[in-house]
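When the chains are written out, they are named A, B, C and D in that same order, and each has its own residue count from 1.
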Amino acid sequence: MPVSAEQQREIDDQRAQSQTTLRAVAPGMERHLYTAHPVLDHGFVRVVDYMGDDAAICQAARVSYGRGTKSVQNDEGLIRYLMRHWHSTPFEMCEAKFHVKLPVFVARQWIRHRTANVNEYSARYSILDREFYIPAPEHLAAQSTQNNQGRGEVLEGEEAARVLDMLRADAMRSYDHYEAMLSQDGQQGLARELARMNLPANIYTQWYWKVDLHNLLHFLRLRADPHAQYEIRAYADAMCQIVVDWVPAAFGAFRDYRMDAVSLSAQAVAVLQRRLRGETVAQEDSGMSAREWREFEEVWG
Amino acid sequence: MPVSAEQQREIDDQRAQSQTTLRAVAPGMERHLYTAHPVLDHGFVRVVDYMGDDAAICQAARVSYGRGTKSVQNDEGLIRYLMRHWHSTPFEMCEAKFHVKLPVFVARQWIRHRTANVNEYSARYSILDREFYIPAPEHLAAQSTQNNQGRGEVLEGEEAARVLDMLRADAMRSYDHYEAMLSQDGQQGLARELARMNLPANIYTQWYWKVDLHNLLHFLRLRADPHAQYEIRAYADAMCQIVVDWVPAAFGAFRDYRMDAVSLSAQAVAVLQRRLRGETVAQEDSGMSAREWREFEEVWG
Amino acid sequence: MPVSAEQQREIDDQRAQSQTTLRAVAPGMERHLYTAHPVLDHGFVRVVDYMGDDAAICQAARVSYGRGTKSVQNDEGLIRYLMRHWHSTPFEMCEAKFHVKLPVFVARQWIRHRTANVNEYSARYSILDREFYIPAPEHLAAQSTQNNQGRGEVLEGEEAARVLDMLRADAMRSYDHYEAMLSQDGQQGLARELARMNLPANIYTQWYWKVDLHNLLHFLRLRADPHAQYEIRAYADAMCQIVVDWVPAAFGAFRDYRMDAVSLSAQAVAVLQRRLRGETVAQEDSGMSAREWREFEEVWG
Amino acid sequence: MPVSAEQQREIDDQRAQSQTTLRAVAPGMERHLYTAHPVLDHGFVRVVDYMGDDAAICQAARVSYGRGTKSVQNDEGLIRYLMRHWHSTPFEMCEAKFHVKLPVFVARQWIRHRTANVNEYSARYSILDREFYIPAPEHLAAQSTQNNQGRGEVLEGEEAARVLDMLRADAMRSYDHYEAMLSQDGQQGLARELARMNLPANIYTQWYWKVDLHNLLHFLRLRADPHAQYEIRAYADAMCQIVVDWVPAAFGAFRDYRMDAVSLSAQAVAVLQRRLRGETVAQEDSGMSAREWREFEEVWG
């Protein structure tokens, strides 16, 4: 259960109180505000604040005095131009703040994105909840035989059952011992900053994460990618659904020029140019390694 | 004249249009929104957007589900604690976006603060206006005789007049030539990206500057300091007047623990402890250099 | 055992091969190069590369053509001046690269310092070793009764024994299950990126960490502080021993103006000034909260 | 003249003094150390220090104990894989420090790359030299008629002569007045921090600039690009010649996967796939704007 009844009440309270502002308002983002979008078994992503909208990108690019919007169509053209030509600074003029609940091993990948602001729930100061990520059967995958850094087939039958039993039992036992070590009932009670070291990496933590739109899109590009680990991709996918409602023009440009774009090496450009002239090109003759060639053929046949 | 009549109309338009939002609203900051606060002879600072308020700092520090505010007094205590103990990340959870018009030589100091987002008016793409900073007589100062990096007495009489004449004449002539080189009247017209090189560093430029509260306060600490060059200090001072209305508790803590605080070296601590015990300590006996001792005596007599 | 025999051989090999260079060389740092300084029960810190020395700080501050050194004494005076007046950019001109082996819960604190470069051992790609941090008896401390975020008395007798038994048994069982889930003996074998989630936060990881001297000193200031958690402080203390040999003048200035310095709030300055004039000041009359007053009296009696 | 006789002597002195080190040494970079490569009429770029080489990239990617090199071929394959798949952190493990002399308007573009360390010659503290960038006749170009942000044809005959006259005369007069305002001969002398505002943007400044290899390559990608302004491109080109000698494998991968690579939007991928199947595709049918189509046809005909 990602959110308790009391937490839901706090969220509903916030959604019930609207105020007036002179700032730019993004109606698509207001609809998401505070709502917890469930991710994995106990996690969530929710927007807790934002700054700017599509027009704010153009306003900054033009260093405008007023709204800076000429027309929606004109603005979209500018945004697509900026994205295509890697003019990243206008996208930095929008900002979003998220509250995320996520397993520690996902948090460890996430934090590698350094250009962001973070406040994490402190396990030195507070006691963590008994909530662990246990994969759904369809995400319990074997090691990939081709990719040292990925997963392959879904585990089957008894092996899957054994794994789930181990994950569940170890999580519960670790947490029982965490509580036993902390307890001040008839004993001194271990410091929280020490007791936490017994908890496995699938325990849930929480943080506030604030980031500008340029860096958010960079995060989504890497983490909503099929090569990203499924568990972080689940968060990135949920965030894509939010961002598309917040800044539809910027997200559309991002999809066309980044997510669904293809980067061709100098060698790949040459091969395609030869193919367009009717030549047949083989790997040996392409200047690409076997692995590169395989990746190339996945797109171009 | 910092803002033209047309620009003022655009500002008034934006101030006339309010909308509803579910986000945190800082009433003190809404009052400043869009308004251009004049700085120097043609410059200004104006807030074009913001995120968060004092409560947002506490909300992030507590990783809260709801508003996160317990009471105003309780929040202020937390904010002062965070500031005192250098817990900087909760202050990063507020963000402000400014539109600033400023002389190029001020912009060159300002940009050294790297943790911020910037979009500057492009002199490759557009033509700069004929606006130059000419110091007011009371800011026309001689080189300091003690500080290689500062100014001393105000210039007097004919010398002041000569300086102002040179600054004004050179600015006008440079701009005349800038226009002459750009002109496509009977000639090809020099590229804008080249012609701009003839313009002196007191010409005005503009930018959008977005920064989180922690880094903004760091900027203010260094640039509102009496050792900062007067021209950038004028901007920092104007921004202090805005920030105090935006996040009064955070600004109060910043004033007490940073701006008006004093940092004592290990040697200075030892000297003060000896003085408190009634000893008289001389520089030779203090472990401080002559220069340090002078700085020390300015505060402690 | 922090380093295996084979690893030690690789380290010895590197220390045996010297080459000539035209670059600045810091003899004190050459002595540390590659050597693993043990920290905690299985961890270490070792320098794998560095750039610059004390003279490089002055060279950059003076934007010199040559070495930029005037005299050692003159350079030290400049370095102390730069540190005292928060001129941080010249210190950024030195860089160090470390290889660190550390428990995951320490790595999670460490990574919060964002202005650094990191390559961590990948548990998606590789299998982690069976090495866990188990506190020495003298570091097995109870929760502090005064500080929600710290530790108090050392645990005694049976309670200490119970805690150590739980930590050791849970670590071993988690690792047994980690191996059992990964095994491809008669089963598919769980993906490494999933199996790792069962491992507790006291397992050791490794990374390469590269940072400039200004940000390294900031890290040391926060993490070698008595309020930092003991386990990360152990790393910071070891690094202080390295940095003092690398850039003795910069480290001396850092110690005097940061580590052993005291920051006085506006209120504290006023109280001290009154005391120096012979007044007796009580907390109620100081403008400080009870907590602040306590912190103040710790230094000033 | 980029470097005076005395400066050349300081450079020669440094190149004459070699020492031994245990660190990784890049022979190709040692050859460049300290030497000033001339750029534009009075500028230069010279390497003053560096850290790491191609092997250091692999060593960090593998979190190695020893040199981490398997074989040169194997290392090159890994470097190309890392570059192709945007694994940027291993490239951050190399660092270079440059001393650059450059016109102020170039410095203003350059400083927008924020992830770097900078110490600039201070015109508050010191007096700038009488050196200005005056374009060579072949770089004196008209405003582009197609691109608002670029240049077109070279200026001809009398117009070119008029422009050069204005640039030269204004530079000399500004500097004469700069000196006259600073003079303490029979007058107080204006503060240096004020007098500098009279100097145009083609005056030369200097700085130390330190950056990691990943961010250096990003800089080169944007600034060695044909769309970059010629004057900054001249610096980027000179730096490319240095980097290729420092880290030949990384630079080769950078050229193939970044500089000479082509990014295809989702729409462009679809068009190419249709063309490869033998279809003829027109702009109206491509999903691309007219401008995008023009850019597309420049590569693909």
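As a convention for this text, contacts are C-beta pairs under 8 Å (C-beta built on N, C-alpha and C of every residue); 3 or more make two chains touch, one makes a residue touch a chain.
What you are looking at is a predicted structure, and each value in this text was computed from that prediction instead of being measured.
> Looking only at C-beta pairs in contact, point me to the busier pair out of C-D and B-C.
C-D
> Counting contact pairs by residue number and requiring over half to coincide, which of A-D, B-D or A-B is equivalent to A-C?
The A-C interface is reproduced by B-D.
> State, to the nearest whole Å, the distance from the C-alpha centre of chain B to the C-alpha centre of chain C.
Taking the mean C-alpha position of each chain, the two centres sit 33 Å apart.
> Would you kindly tell me how far, in whole Å, the mean C-alpha position of chain D lies from that of chain C?
Centre-to-centre distance between chain C and chain D: 35 Å.
> Give the residues of chain C that touch two or more other chains, as numbers and ranges in rising order.
89, 112, 118
> In the complex of these two chains, what residues of chain D are touching chain C?
By the definition above, chain D touches chain C via 3, 7, 10-11, 13-15, 17-25, 30, 33-34, 48-52, 56, 59-61, 63-67, 89-90, 92-93, 95, 97, 99, 117-121, 206-208, 210, 212.
> Can you check the complex and tell me which residues of chain A touch chain D?
77, 80-81, 84-86, 89, 112, 222, 227, 255-257, 260-269, 272-273, 275-276, 289, 291-292, 299-301
> Where on chain D is chain B touching in the complex?
Result: residues 103-105, 108, 111-112, 114-115, 118, 122, 124-125, 133, 135, 140-144, 148-153, 155-156, 159, 162-163, 166-167, 170, 173-174, 177, 180-182, 184, 187-194, 196-202, 229 of chain D touch chain B.
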